[in-house]
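Each in structure tokens, the structures are laid out below.
Common to both upcoming complexes is chain A, partnered first by chain B, then by chain C.
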Partner chain A sequence: MTVALRPRAAAPWALPGAVVLVVAGTVLSMKVGARPLSWAELSDGLLHFSGAPSDFVVRHVRLPRTLCGLLAGACLGLAGTVAQGITRNPLAGPDTLGVNAGAAAAMIAVMTAGIGSLAGHVWFGFLGGAVAALTVYAIGGSGRDGATPVKLALAGAAVSALLTAVTSAFVLLDRDLFARYRYWIIGSLARAELPTVGQALPFAVAGIVLAVLLVRRLDAVALGEDASRSLGARPGPTRAAGLVAVVVLAGTATALAGPVVFVGLVAPHAARALVGTAHRWVLPLSALLAAGLVLIADVAGRVVIAPEEIHIGVTAALLGGPVFLHLVRTRKVAAL
Partner chain B sequence: MVHALGLSDRLVGTAFLDAQVVEPYAAAQQGKPYTADLPQREALLAANPDFVLAGYNNVFTTTGDESISTRADLAALGVQSWINAPLCPSADGLSDEAIDPAQVSMETVYADLRSLGRVLGAQQRSEELVAELQAKVATVQERVAGKERPQVAILLNDDDGSYRVASGIDFGTRVLEMAGAENAFGDLTERRHVAVSKEELIARDPDVILTSTCCDASYTVADGEPDVQQIRADPALAGSTAVREGRVYPFLFADRAAGIRAPYAAERVADLVHPE
Partner chain C sequence: MTATLVVRRGPVSARIGVRGLVLATATWTAAVAVGMAAITIGEYPLPLATVLDTLAGNGSLITYDIVVTHRLPRSLTGLLVGAAFGVAGCVLQRLARNPLVSPDVIGINAGASAGAVVMIIGFGASAAWVTGGALAGAVIAALTVYAVAWRGGFSGYRLVLVGIGVAAMLGSAATFLLSRAEINAAYAAAVWLVGSLSGRTWPDVVPVAVGLGLLLPVVLALVRRLQVLELGDDLARSLSPRVGRARAVLLACAVGLSALATASAGPVGFVALVAPQIVRRVLAERSPGLVASAGTGALVVVAADLLARTAFAPRELPVGVVTAVVGAPVLIALLVRGNRIGASG
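And now, the complex of A and B:
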């Protein structure tokens, strides 16, 4: 089954440009901080660890932070693209499918129970997101037509509202819990550590592979229910597989950086503005743009009010917001 | 402070102690009505106090999750209030913004004790107390005079593994100075606590790190040990001078408050930073 899509006479420089953006973001993220590092300090820190102060900065602060940003950004960009694709909803993201509300509720549950550290909690968030998304899919998929985009969106909104109410009730009644929850909900790369990156890597790879396998099916689903069925595609299984990809990708990103929702919303739109709607271009471009945005937003957060830092959740939205507004004003964004 | 002024019998309620009451007065706190959380406005008024003494400004602000009532509102109900001057809001509704750096000194604490003594009718005891504290500080300062002043950072361990430091307008800076040390983050003066990156900590590389363990009425210095362990185990800080030389020490948040603990705290910090 092949689907011919309107090939947009799109910027041939888009992908190389995005690669340059990510490389630039990576370099900035390694070099810029409380004290700028020279190239020599950077290479020494990476290759010849001797115990100098700059070595600790490179190995234990900048490197984990940069890797976290790259991985989380790419996952968010892919998750957003797949979520928008399977729901054919331009505003969709992991949050539309209940993933974030589920993750937050699970975090609150373990924080209330008082188990372990924040680093230990994040994987409960992953689990909570998965359970919530499955619930959304089960509810949205019941009935005669199966999981249609509208039913998924409505089920997602309902489950999210319910979970958010529970979360708010716990958080607002307990001052200490709120303080801890705040650290998580805001999204930050400051807590990045290499072991977390290592734990997240297999999940990220699995999510990326799944998203790549879905490329053609997402194009078919994009044509609409009837057209895709008439082409012999089966939207149901595609949505189920897409949902799994979104949960894995968004869950990994959330475990790494907290729920930085906005990146997943804006990156696919920016990608489609550049290369049209074919997912074989949109997916990689969205991943690259999201990673670049996350890295540059993190660097900006380090320098704006130094020696304090602004969390990435804030800077990413501040940087991505104007881009998104520009897209909304100049293009037909809903073209999915 | 009330215990030190010898007025323990007048306390109708105590709340939200950050650590065990400092040694010579710990016994006086025994058996006093105590609640671990800050009281809600109603609970406070239910105790029918004539006078409310607060150690921190946030309980009197107009907003914020620790606000109980503004001082003006309490006054309207005939309840007088008191707040230690180094942290005193210049107007109701302000928190750390109200701190006047020039007021953050032991002199202000002494002036407070004298005024409080006058207000509560224990003038003579307050004079004695001020003299006691002044003598204590003088002894410490004599001991450390002319010695090199090490850079010290007071770290608050946050839940997500990041840190905040006590800034130049925190009373902890005065405690460090009395003890013959310097706050490595003393140049930051916007708020009492500043969230700094680990990079900044590595770059400033303090000679000594003190924790800021808080808050439970049972806490003694020994309860700071988990915070110390956490800082020592942080791989990013493994190369810093304080961690390498084993100079990370438990310290109590309460010991850097503007009050009678400060001279005792200075004594202990002097022991830590000038062991010779």
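And now, the complex of A and C:
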């Protein structure tokens, strides 16, 4: 397998294009909705809060929602890239390493026990995701050959399946729980609040920094077990650090927007289709593409069946799916 | 430990691994035994002798109703569905050279689920229509995936990526319907989506039985090609010129098997993923172990269904919830044991 470490010359516009996408998504997300805002209302609301109705819309609805989408999208894009990098498996995502299944199981556990507010549930979800991922690493890393990509992926699939089974059992034996769970599981930005964004920010920053620090090591791991060892890179510690990054990033995204698995799964593929496999290009591009997709999907969800909304988990797949299929079909997809 | 038997009869010859043979026999024996045990256990327990008497045609009207009308078709559906998923998963994982590939990844389950959910929520349809909707959905999804992925040939990698995209779109459409439906319909759809053997009767046995009867021989005949394909596209093409056709046929068989199994019992989760992996790690051989995969799949499903029926009796869980509880610990134990064979594939 050859690994092209230079960006493909065919898509020099990819990174600037993705920046434009994110900016456009941000502007749309601020302006469009049940109550469309003019530029003047928008700047007034952001800069001179006077208590007018439009100011409340800006500060308490649009701003948290947009920030939430930006942050969740970026986290998902990075988490997916790192997860696929350390497992060297194109099917890997936050859910493969057990993070989402763990988060869902923990959410269900606290919903059943009836503790705390929704905001509190969110952090239980984070904890559940972390515990699940640690279990996956403990299983995948056991044995004499350590945490090979295949063992990590399979351990993740097995632990995810177990946790999902427990979750489904709880949900299907209790109809009230099912009624609430079916909304959470879709993923949505509709419940975004500024305090949640504030709580999530340190985690997001920590995860992003860790992912950036891993850029070079991910390239080395991509060469395969033997080649990377012979180059002096140590795949084991890289995988451990990568797993921490995935847990933090995916946990944060799930806390902000619910389990929007699809975005984290396809953003890295789209990025690789555009710029090749070097992680110093793939990581930022994947983060930008994911953030852009989340924002635009959220805006579309507000407009399509207004005054009702379609949640982001649905629109992201319906909008991002065709684009992804087009990329896969027209460009030579870079294998991991 | 790669002892093999070579069978030659006229133009037909086959190499059979001894370990594979032992494992296949053991898993099938266990699966049938659990299936029989499941017939004796339930709200109205029947001794094995009575069950056998009834099957021989000497039972009372009540035992006939319990055994032949209800429990036997349920056990049979479980066995056949498990076997079909086991074979489909084995073929798909080998073709794509990726242990995470299973029918749900390449869009088949998502298509079936979308079809069934539309039938349940959109039309409040009866069981037969749901089965038909699922079958139609699976076939449409599979055709879509292949049409999009076909570029003068199949690459396993592109197929998987296209499958992910199509599955996500269909899945989100189903989730959307689920979130807007009336709660009871949504609940019925959710149970179907997990995979259930509840209330399965003879008409449910037919699709999967026909599918296995027609497609399993084809897959078995192409086992050697499967081993060649697993070497990767370039090497496979240089070893065998008509390898592209074998790949297309094997894919079609895997799709057909999982579509029919899904129509019978819903997308019973995790079986297609776990059965081939268990076999691969136990066998420690490069042979695909198709029959053993089928046996393991069957065992996982009937054991899971028995557990699902009895653990919370009189309440019943859908079997798809429990397959992971039966299969995952085995896979985890095998992973912890750290078998080096298969570590790279």
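Throughout what follows, the second predicted complex is superposed on the first by the 322 of 336 C-alpha atoms of A that agree within 3 Å, B and C clash if a C-alpha of one lies under 4 Å from a C-alpha of the other, contacts with A are read in each partner's own complex, and residues count from 1 in each chain.
To be clear about the criterion, contacts are C-beta pairs under 8 Å (C-beta built on N, C-alpha and C of every residue); 3 or more make two chains touch, one makes a residue touch a chain.
Everything numeric in this text was worked out from a predicted model, so none of it was measured.
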item: Partner chain(s) touched by A:His60 [first = chain B, second = chain C, both, neither]; value: first
item: Touched partner set for A:Ala179, first chain B, second chain C, both or neither; value: both
item: Per-residue touch tally on chain A - higher for chain B or for chain C; value: C
item: First, second, both or neither for A:Val150, with chain B first and chain C second; value: second
item: First, second, both or neither for A:Ala52, with chain B first and chain C second; value: first
item: Contacts of A:Phe262 with chain B and chain C, given as first, second, both or neither; value: second
item: Partner chain in contact with A:Ala190 - chain B first, chain C second, else both or neither; value: first
item: Residues of chain A at both interfaces, chain B in one complex, chain C in the other; value: 175, 178-179, 183
item: Residue ranges of chain B touching chain A (in the complex, touch as defined); value: 65-66, 158-162, 188, 194-200, 202-203, 205, 235-240
item: In the complex, chain A residues that touch chain C; value: 89-92, 96, 139-140, 142-145, 148, 150-151, 153-155, 157-159, 161-162, 164-165, 168-169, 171-173, 175, 178-179, 182-183, 185-186, 262, 265-266, 269, 310-311, 313-318, 320-322, 324-325, 328-329, 333, 335
item: Residue ranges of chain A in contact with chain B within the complex; value: 33-35, 51-53, 55-57, 59-62, 117-119, 175, 178-180, 183-184, 188, 190-191, 193, 302, 306-309
item: Complex contacts: residues of chain C adjacent to chain A; value: 98-101, 105, 148-149, 151, 157-158, 160-162, 164-166, 168-169, 171-173, 175-176, 178-179, 183, 186-187, 190-191, 194, 269-270, 273-274, 277, 312, 315, 317-318, 320-325, 327-329, 331-332, 335-338, 340, 342-345
